[in-house]
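Both of the next two complexes hold chain A, though its partner changes from chain B to chain C.
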Partner chain A sequence: MATLEIQGLTKTYGQLKALDNVNLTVQEGELMAVLGPSGSGKSTLVRSIAGFVAPDAGHILLGGRDITFERPEKRNTAMVFQSYALWPHMTVLQNITYGLKLRRLSPEEIARKVEWALDLVDLSGLEGRYPRQLSGGQQQRVALARALVVDPEILLLDEPLSNLDAKIRYRLRFEIKKLQKRLNITTIYITHDQEEALSIADSVVLLKDGKVLQAGRPEEIYSNPKNSFVAEFLGASNVITDLVLQDREGLYVMLGGARLPVPAYKQPGEEVSIVIRADEVELGGEMPEGDHEHVSFSGKVNDQMYLGSRRRYEIETVEGHSLLIDSDRELPTGSVIRLCVDRDKIYIY
Partner chain B sequence: MTGVKATKWWRAMILKLVIITILGFAIFGPLAGTLLWSFAIKWYWPSALPQEFGLKYWANALTGRSQVLDALWLSISIALIVVAVGLLVSIPAGYALARFDVPWKKVLLVLFLMPQAFPQLPVFINMSSIFYRLNIAGTVAGVTAAHLVVSLVYSVWITTATFKSIPEVLEDAAINLGASRVGAFFKITLPLAAPGLIASAIFVFLNSLDEFTGTFFVGAPYIQTLPILMYTASMGYNMQAASVIAIMLTIPSLVFMAILERFLKAEYIRGLGV
Partner chain C sequence: MKTPALMQRASLSAQQAMRRPPWAGGRSGLPGMLLILPALAMLAALYIYPLLSSIVMSFVSDAGVGLENYRKAFSLYLIDMLYTVGITILSLAIVFVISVAIAGYLRFNRWPFLNFVYRLPLFIPFLIVGHSMRVFLAPHGILNLILSRITGIPELPGLAFGWGGLVISYVWKQFPLATLLILGAFQSVEDSYIEAALNLGSSRLRVIREILLPISGPTVLVAMVLTFVSTIGCLTIPLLVGAPKPVMLPVDMSFRVTYFNDWGVANALGVISYVIVIVLAYYYLKHMVREEGA
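Right after this comes the complex of A and B.
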């Protein structure tokens, strides 16, 4: 177990900046989720930590040791690949044993460690199977056992659950988190799924075009997204663009007849983004007199969709903006209603 | 009405029978003729079947210090050398072409294809004149080289395709756990490539065993492989000896084809299962 420090890491492929001056610190025993859309550089990041990509600039320190240009087989990182990369001509046992044999451990020690790993991921009894005879979830566990059995300083998970169906993914997410906490192993978890990142991680890093857009605890980054891209990527379904207006009281923008103040760094006439999450607006709620913590505005129900536990409404404001709002209330299409939202939950960039 | 239908049915049936008969003759006719010839002692025109059957020519070919057995061992030895050298060249070449950005990759592949692009005769005639200057004409080395020129293109291409079908991430996983690049190749990639490599080796072996033109121009008259011997026998109107050799040449092909099919199937299933 060790602290991982990444300093000014940069990697360019031709014109494309896969990593652009990335700085990160993962504390000992911390699980950091690296979140980003495809092409954001998160795979390049994890592959350069493992040693498969040589960075153009910057340093990678693992437990204080500079491993930037160390050969991948000497780094003592263990990676779980998106495709699991289990060796199809080897049994589960052979797959898990391989890394230990390379470390020239005694047969007794190998047997003891393999038993520990099989027990850890709940695969005892399947040692003799070949990967093709296992389900996707079981293959994933073998990959995890194979990585953990060599006692790595850092665990690298590259989209480990993205090839599984939703139900198994949900369950394995918790199992990985429990395992990681139990072993107290420093872990980097690459994903493009915001919910996965927020639910599993101690800290989240959001990557786009090779740059770190925002890093912090999941609660922090969710409640204080730095810009409209972060907010939208973290699951906000409404990003409205409008122009900044100005009067004697300052800069503002109109939404549903309500006046929303705009940060001072904007210019009048400039475009501004209003970000609102679908589940953070109360439909039909009346705001008490003198309430300064909420904003109330109006809109018309244009359309609706039944989602089981709730309904999704398409609301049109007087400015012609369309908003998606989730609510458990039943409202007829065409009705004009009031909407109420916490001032802190409207993000204006 | 029924009369018309019946006529149609008969017409279709007769057409089918005619086509099947023609195909049957085309496929089995020459084989049956060869088989008959190999067991014939006397077979004079215009008789449909040999006048006298016997095992004399088989006995000649297979017993004692026979020319046929010598030629068979020579053919097999040359084929095995060609397979060994072919694998030694095509495994590294195929791996490099599959995994790395080899400079001049296209030029290299075209170069390998070159001998196939021209008619075989001028290629081998030129080769024989070059080999005479190099003093390897009429030697096993010369014939082996001629066979390699023919088969290397196939073996390099099959090997490249085989290595390409093995995901690189499987090697990455081994290296990540502490294996060297060479270790990962021998422990992971090579075993996974084995079916493709064996298929390619069998292909090269059969190709060399049956090769005639190159052997004839480069090796004659000192190198007497089985196909050369068969040619000489049939030129001397010794149809029986030629037929015996022809059948002996067919047997390894049939056996290896069966093996090849098994390996190709195994690889196919593996491809689906992973």
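Right after this comes the complex of A and C.
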């Protein structure tokens, strides 16, 4: 268990910057989720921590030790691959024992640790099976046991659940989290699923084009997205672009007849993004007089879709913008309604 | 953790996988038979018929039908048989080590020059290999000239006319094909299998032995069988390189036919070669199975 520090890590493939001056710190025992779209450099990041990618610049420090140019086999990191990479010619037991044998432990010690690991991931009884005889979820657990049994300083998970179907994924994500806390192991968890990242991480890092866009605690990054890309990636379904207007009182933009102030760094006539989450808008009803906490605007119900527990409405504003809003209220299509949203739940960039 | 629903789903998808897709034809494919007929006919005419006829002829001699040819073969050529087995196994072992080493190296490192150069002997015919080895390894050949310069010893024994030269020639001719096959198998092993082992602390040498070789097992077996068969059946190289006595079995066979017109003993020697291959393959496979079980 150790603190991981990444300083100015850069990796280029020809013209492409897979990692661009990445600086991160993962505290001891912390689970950091690395989130980002496909090709953003997530795998390159963990692969350089594990030693499979040689960075062009920067340093990687694990527990204060500079491992930037150490050979992979000397690093004491443990990686779980997206494809699990369980060796097909070895049984579950042989797969898990492999790393222990390399460490020249006594047979009793090996037996003790293997039992501990099998118990940890709830796989007892399947030792003699070959990977092809296991379900995806079971293979995932074997991969986890194989990584954890060698007592690594850091656990690297590269999209560990993306090959599983939604229900198992949901359950396993919490199991991984519990395990991680129980062992208090420093962990990097790669995913492109924002919900997964927000729900299990102690801290979240958002990567795009090899750059860190934002890093912080999940609540922090969710409630204060730095820009419209982060907001959209963290699950905002509405990103509207319009032009900045100006009058005596300053810069503003119009939405559904309401005036929204625009940050001062913008220029009049410049494009501005308005970000609103589908589930943070209240449909219908009037806002009390003199309420400055909320913004009220109007729109017309253009279409709707039944989602089970709620409905999703497509609302069109007078400016011609279209918004998706979730609500449990029933409203007829074609009706003109008022919408109400918290002032700090509207993000303007 | 083993939810029944999960297992049910797994077995269901297995069933689905086994079901034939709707576009696949029936099991009794007449068109399929017709397609492979020419190949089968060629195989029968060029391989199966001569094989059977040589087995039959090995039992026919001037003395009639019986084991006379075999008695003669064993009394005249027992030493050569043992020599053949020994030389072939030794060459095979060296080919195995060299080809796995090169394939392993190229799996981990990009070196286009090596990747090109190791294949060259593939394109050189056996006859040329035999002749050039005879020149290269002769008592006053190129190798000894160089060695004399380096060591300062004026007269060195030539390798060309002993078993050493024979083994070198076989290995030089055979290792590229084995390397090509094994490298192909190594390349098709997913990177993540290798990385997972390195990540857990394995060295590259151990990765080759414990991950790459076992996963590539069937291809390695094919490479070794091909090497073995083409070594034990090669005539040109042992005609040109090696000691006058003992010699490899193909030389004896050609000798029986050329000088005595004695097809019976030649065929008996041929059948003995088949038996050697089969027996060794059997022991090899048994050994492999035991390894797997352990």
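Just so we're on the same page, the second predicted complex is superposed on the first by the 349 of 349 C-alpha atoms of A that agree within 3 Å, B and C clash if a C-alpha of one lies under 4 Å from a C-alpha of the other, contacts with A are read in each partner's own complex, and residues count from 1 in each chain.
Heads up, the rule we're going with is that a residue touches a chain if its C-beta (ideal position, glycine included) is under 8 Å from a C-beta of that chain, and two chains touch if they have at least 3 such contacts.
Just so it is clear, the model here is predicted, and its values are computed rather than measured.
J.: Could you tell me whether chain B and chain C fit or clash when both sit on chain A in the superposition?
T.: Overlaying the two structures gives a clash between chain B and chain C.
J.: A:Arg132 contacts which: chain B (first), chain C (second), both, neither?
T.: A:Arg132 sits against chain B, while chain C stays out of touch.
J.: Identify the partner contact of A:Gly99: answer first if only chain B is touched, second if only chain C is, both if each is, neither if none is.
T.: Touch partners of A:Gly99: chain B and chain C.
J.: Counting only touches as set out at the top, which of chain B and chain C does A:Asp122 meet: first, second, both, neither?
T.: It touches chain C, and chain B stays clear.
J.: In the superposed arrangement, does A:Ser83 touch chain B (first), chain C (second), both or neither?
T.: Touch partners of A:Ser83: chain B and chain C.
J.: For A:Ile168, select first, second, both or neither according to whether it touches chain B, chain C, the two together, or no partner.
T.: The answer is second: A:Ile168 touches chain C but not chain B.
J.: After fitting the two complexes on their shared chain A, where does chain C collide with chain B, if the options are 96-104, 150-158 or 276-284?
T.: It is 96-104.
J.: Under the contact rule defined above, give the chain A residues that sit at the interface with chain B and also at the interface with chain C.
T.: Chain A residues touching both partners: 50-52, 72-74, 76-79, 81, 83, 85, 87-89, 98-99, 102-103, 146-147, 150.
J.: Note which residues of chain C are touching chain A in the complex, please.
T.: 1-2, 6-7, 10, 190, 192-193, 195-203, 206, 210-211, 214-215, 217
J.: Could you list, by residue number, the parts of chain B that touch chain A in their complex?
T.: Touch residues, chain B against chain A: 167, 169-170, 172-180, 183, 187-188, 191-192, 270, 273-274.
J.: In their complex, what parts of chain A are in touch with chain B?
T.: Within the complex, chain A contacts chain B at residues 50-52, 72-74, 76-79, 81, 83, 85-89, 98-99, 102-103, 131-132, 146-147, 150.
J.: Okay, in this complex, where on chain A does chain C touch?
T.: 50-52, 71-79, 81, 83, 85, 87-89, 98-99, 102-103, 122-123, 135, 137-138, 141, 146-147, 150, 168
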